[in-house]
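Each structure below is given as structure tokens.
Two complexes are shown next, each including chain A; its partner changes from chain B in the first to chain C in the second.
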Partner chain A sequence: MGCGVDEVVAAFHRVAEVITAHRDELVDLDRAIGDGDHGENLTRGFTAVRASLDEGEHGSPAEVLKLVASTLISTVGGAAGPLYGTALLRAAKAVPDRVELGPEDVAAALAAALEGVVARGRAEAGDKTMVDALVPAVAAAERAVGDGGDTRAVLAAASAAAETGARETAPLVARKGRASYLGERSAGHLDPGARSTALVLGAFASPGPSPSRTPGKECEG
Partner chain B sequence: MKKILNDPSTVVTDALRGLALAHPELLRVSTDPAVVTRVEPTPPGAVAVVSGGGSGHEPLHSGFVGPGMLAAACPGPVFTSPTPDQVVAAVREVEAGGGALLVVKNYTGDVLNFETAAELLEAEGVEVRTVVVDDDVAVTDSSFTAGRRGVGGTVLVEKIVGAAAARGDSLDRCAEIAGRVNSQVRSMGLALSPCVVPHVGRPSFELGEDEIEIGIGIHGEPGRERIPLEPADGLVRRLLEPVLDDLPFASGDEVLLFTNSMGGTPPLELYLAHGIAERLLAERGIRVRRSLVGPYVTSLEMRGISVSVLRLDDELTALWDAPVRTTALNWGS
Partner chain C sequence: MRVAVVLVSHSRALAEGLAELAGQMAPDVRLEAVGGLPGGGLGTDFDAVSTAVADADQGAGLVVLYDLGSARMTAELAAESVGDPDRVLLVDAPFVEGAVAAAVAAQNGGELATVGAAAVAAAPGPEARGPALTGPAAEGAVETAEVRAETFVLRNEVGLHARPAALLTRSIAGLDADVRVRFGDGEVDAASVLALMGLGAGRGDTVTVSATGPDAETALRRVTDLVERNFDE
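What follows is the complex of A and B.
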């Protein structure tokens, strides 16, 4: 058992809720070392994602990933639009015709997403970007697969590692993106892109809102 | 926050509606996706010069759409780059077989979105070249950052390459000229007060009553250092010296001097600064052959100025003088 198309759709609805709930936090993080638009841009993008997911049927997890990618690319703007969009397009390509995403698929999709972000943004680990959340997430996901973890365990491991990775961006001096213009003054703040990456993975790993929780709407082992 | 607006989330489209109504003879506006195009069609085989960027820098870029300058502009949300679909829609509308030259300011978001658009357009068979403008000398550490930012020099690139396209230069030639302008222009700015982004509602940074921020970008992002306010002579010198030392400009150079308001600086102070800059240039034996003074690359209501110096040759001077008819620059036509 793994993550089918309905579960992936439900997960992106959760992502939209989580991002919207953290809009102000992301605005504040970005205002400290950027220009304050990250929370606004992602909220606009994921609101559009919910609308496009509600239109019509979806054939496979990869199709959903592609739809979310193209929606984000055309609505987010800033650096986050093409970076999230590229990440999800690459993730879709890594799991082209799966009906359900198993543990290996999740790890492969995450690794492909990371590759996409690195290729598009030309950032490396330690540059104080979303790469700093994705690198540990990919490593943790691969470890969890190696340990025989199910889909749920792989997502949980990736989410926890991304969370830690995002927290550890605080002391870093930014070398990419708008925060890099601040030089040393960028240290002491969380990177907003790493933080939002951790939020997205967290929403994916979470079981969803409990009251309306319906069987089959979360990724099962 | 005290601003003239109804809803922060519709501020850009609301303003575009007004722009379209005010200048129907010059430009056409569509809002989904947001694109401003020139009414006058691109002559068959001519290059379409297309630019775009976050809103809040007006008149950049929409105010430079018109004969002799841009064929189209893509306004993003305030201080946020436009999305690839805007750029693709703009190019599809104005490209006339001569290819499209994209003028992009060097910010991570702008570069990534235009790069994605260029890939999509090339896949459709449209020839595309991109020039990335990075004239801001305030960013010294460019190998450890996203690189120098595109600021005031962008207007000069757009005017000059727009004139080259209007005289029928090929896409490669236009790309070369745009690259040459970018390589010969340097800029730096300062802020006396921050700006307030409508959907944020608070100042982009805090400045004390007697403090100024040197080396600011154009998105309300803080600059390199904060110093106490000093008389105008000292302020202009702080901007001009790094600009002149960087290229470097030499005695005998002929230049275009562009003194820009960040949005909230009155013309009185702007001309005062321009006079000082011209005097400082003369002290170094640099002759100002052309001038531009006004609010052209702004940061909403920010009080502050930037100074750009472009080294001219005869071709660049002739292209600068060529006719242009846009809402912001208008001469010779």
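What follows is the complex of A and C.
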């Protein structure tokens, strides 16, 4: 079994909860090296995502990804809206007709998301951006698939790698985004985009409660 | 039917101010300023940018200029989702200089690619670049071509400021002539409004206008007329 449409919807509800719970942390991270709006923007965006997910029935995981993408593009603003939006649109394109996302699908969706973010943001690994969380996440997901891991194992591997990748942005000097204007002074802080990416993947991997809807739904092996 | 120009900024005031500045030199060009969030804060709003991109096209396509990184991303997404891919050109250019250059090129009837190229070519100005031709070979290079030249004293109030510079560029648009204006140590292409402005020639200053090419005579006559009319001030 993999991730069906209900599981993907439930996962995005969890993402919204996690982002909202970490709102202040993201605000502080972004205030240190950016314009301080990342926590607020993402919280607003994922709150809107919950509302649009509740509005109707969804045919497939790809449809859910597209709906979340367009909602984020319209509500997040800043660089994060277009970047998350592009990532999710590309992920949707990578798994067009799947009823359920298996391990390979999750890895393919992550790889497509990374490509989208790189194309849109023109950032490379080491620039102190979301890419620094996504690159190790994609590599870890592909490794987990190679090792015969199930969907949950692939998500767990991606999440753990993103977490490490985000942490390792701290010493980097930003070369993209608002933080790049700070030059050397951007070192010593986590990149807020890499941190939020790790939080999103963490919520996807976690079986945590989602009280508002479809409680306990998670991507099973 | 002219190419339209869409200006995407984080700040509504910045976008609107730039549209005003560029519009002064391009009265017939549709300039769409979009910036800020619906609530009035700083940022780029996807829906507003999409609407601007969808509305601006007058039939000849549009160029989109943007200020900081996320404005580019929002503009790209908007162009991908609502724009006709053959008629929307996103231009990575200095926001102010690029917008003015694009507007003037559009005013002169340039096609989409020409307008985009004008924005990209908008350089920081002759002070930063120095004269276009320097070194021992420069004099010879100018002399070998059939050069017609006239020297004028600028009698109008503001010299070669924005409006007069734009009028000068427009007076020679479409002619097959290479027209250059020299003031002090600087020499610039008269096809570039920004370069002309960058010369910094004011009231009472003496400038030399030279022209080469088949339409050199016509070009020089038009410039002479314009200067003698004090740029219609």
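Methods note: the second predicted complex is superposed on the first by the 214 of 221 C-alpha atoms of A that agree within 3 Å, B and C clash if a C-alpha of one lies under 4 Å from a C-alpha of the other, contacts with A are read in each partner's own complex, and residues count from 1 in each chain.
Here, a residue touches a chain if its C-beta (ideal position, glycine included) is under 8 Å from a C-beta of that chain, and two chains touch if they have at least 3 such contacts.
Just so it is clear, the structure is predicted and the values come from calculations on it, not from any experiment.
With the C-alpha superposition on chain A as described, chain C and chain B clash in the combined arrangement. In the superposition on chain A, A:R178 makes contact with both chain B and chain C. Once the two complexes are laid over each other on the shared chain, residue contacts for A:P103 go to neither chain B nor chain C. Shared-chain residue A:S74: touches chain B and chain C both. Judged by the touch definition given at the top, the superposed model places A:G116 against neither chain B nor chain C. Applying the stated contact rule after C-alpha superposition, one finds that A:R31 touches chain B and leaves chain C untouched.
Applying the stated contact rule after C-alpha superposition, one finds that A:E40 touches chain B and leaves chain C untouched.
One of chain B and chain C touches more residues of chain A, and that partner is B. It is stretch 127-135 of chain B, out of 127-135, 199-207, 235-243 or 325-333, that runs into chain C when the two complexes are superposed.
Applying the stated touch rule to the two superposed structures, the overlap between the chain B and chain C interfaces on chain A comprises residues 35, 37, 73-74, 77-79, 81-83, 85-86, 120-121, 176-178.
Interface residues of chain B facing chain A in the complex, by the touch rule stated above, are 9, 33, 54, 76-85, 107-109, 112-113, 115-116, 138-139, 141, 144-146, 149, 197, 199-200, 202, 204, 217, 219-222, 224. Across the interface of their complex, chain C is touched by residues 35, 37, 73-74, 77-79, 81-83, 85-86, 120-121, 176-178 of chain A.
Within the complex formed with chain A, the chain C residues making contact are 37, 42-47, 68-70, 73-74, 76-77. Note for the complex: chain A touches chain B at residues 27, 31, 34-37, 40-41, 44, 73-83, 85-86, 120-121, 174-178, 180-183, 185.
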